[in-house]
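To keep things simple, chains are lettered A, B, C and D as they appear, and every chain counts its residues starting from 1.
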Amino acid sequence: MYKATFPGRFKSLAEISEFVSRAINEIGFDETTAYMILVAVDEACTNIIEHAYGGEGQGDIQCSCDVTEDLVKITLRDRGEPFDPTTVPEPDFSVPLQELNCRGAGLVLIQKIMDETNFESTPDGENVLTMIKRK
Amino acid sequence: MYKATFPGRFKSLAEISEFVSRAINEIGFDETTAYMILVAVDEACTNIIEHAYGGEGQGDIQCSCDVTEDLVKITLRDRGEPFDPTTVPEPDFSVPLQELNCRGAGLVLIQKIMDETNFESTPDGENVLTMIKRK
Amino acid sequence: MDISTKQFRRCDLVKAEGRIDSNTAPEVRDAFEAITEDGRFRIVFDMSEVTFISSVGVWVLLETQKTCKRYNRGDLVIANVNEKIQHTLDLAGLLTFFRIYDDVLEAVGSF
Amino acid sequence: MDISTKQFRRCDLVKAEGRIDSNTAPEVRDAFEAITEDGRFRIVFDMSEVTFISSVGVWVLLETQKTCKRYNRGDLVIANVNEKIQHTLDLAGLLTFFRIYDDVLEAVGSF
């Protein structure tokens, strides 16, 4: 069980990436899968800073990685705004370039990369995002 | 004393170059000087084939290299037309590109590269070009 | 992050090194804007030394691409995109917005 | 001798490997002529793998240069010329007829 807390700043993203990378190292994902997990984590943490906290320096991100023989479970906790991802419509990128609205790929990537994702806002004001990737 | 005879064909130029390169190797010229000597030899042999013999396959080129501690003397012999290089005017390359007459750099290069060059046509029909390069 | 740019006759080459995430994407945007605000819209982005890109980085590329392609005045093409980054663009559904070249020479030569 | 050519949008790249002497110069000339006879006159000659060039080889370059520059329609530029070859061109008094670039990318980017 790997667990660490990072300040909710964009500078933390590289450190979180390092941290998760070390944690998932032992499970032996192929290079591309390991990389894609880091993309998902980066997207989720960016969203916490940008959307849950509404900006940098408003609170921490707690990250834990549960590694078993054939899967990793990554949990991200923050104390920002609660959020229900099911309310976010899927973006449509199959439009001409000039009509492209340049946002909204983060949740798409998280969902496509991870095998399971679950978002919960607890009564005591904690948001818990759990993401599982199987080998 | 290195000595070898080559058919007067353009294909021989690479072999003559190899031969001279081996001969001058032991005297320890710096890389650029060693290379420039090969340029001079190539120019001289090209002239023998092209001008003395008037084309390929008309006769041989005999090449000998005399290596002493501080100089190499390269002698090229052919049995083509006799020739007096002092009759050849120096070409003028300081003209606009479109007026450039694309020939006549061979003798210029030989003279600038070598320390001494001497051309003799012997009474028995042999042309002997001697070129000396000092260390 | 390390970003270098080089101006050729027909296009500009931008090379970034390292991670392009929310932290560093603004620097990449600045590098592109320095070119487009100068009125040049043909850009080659050399990704050979980019180790990571998040969607925020991809959006910088796409905002630049919009600027470049507007009025048909140019194009942002990418060179040396590794498989992982290519896969990211593909998963996001954004790969089709870029011309991708195997190397910088091909990319510069395409303009 | 090994000669490869590659057509870019604004120029053609020719790369020769080995010795350019009286024996092989005609092959180099053929490679250039294939391009100029096709009506393209912007050429980059990559000399990184050329180990030797005699005056006959230099004349092939200069004949091609004449063709390229006629009517201001193009240029033959050289990339990756080693010191020895540069010295040869210089000694012959023919160096000034060429634009020389440190690498192929710079040369292609110059068109």
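List of remarks:
Everything below uses one rule, namely that a residue touches a chain if its C-beta (ideal position, glycine included) is under 8 Å from a C-beta of that chain, and two chains touch if they have at least 3 such contacts.
Given the structure is predicted, the values throughout are model-derived calculations rather than measurements.
Relative to subunit B, the chain whose mean Cα position lies farthest away is A. In this assembly, the C-alpha centroid of subunit B lies 25 Å from the C-alpha centroid of subunit D. Taking each chain's centre as the average of its CA atoms, subunit B and subunit C sit 54 Å apart. The distance from the centre of subunit C to the centre of subunit D, with each centre set as the mean of the Cα atoms, comes to 32 Å. Contacts with at least two other chains are made by no residue of subunit A.
For subunit C, residues touching at least two other chains: there are none. Chain pairs recorded as touching, per the definition above, are A-C, B-D, C-D.
Interface residues of subunit A, counted against subunit C in their complex, comprise 10-11, 13-14, 17, 31-32, 35-36, 38-39, 42-43, 46, 49-50, 93-94, 97-98, 100, 102-103, 105-106, 108-109, 112-113. By the touch criterion stated above, subunit D contacts subunit B in their complex at residues 19, 21-23, 52, 54-56, 58-59, 62-63, 65-66, 69-70, 83-84, 87-88, 91-94, 97. Those residues of subunit D that touch subunit C in the shared complex are 6, 8-11, 13, 104-106, 108-111.
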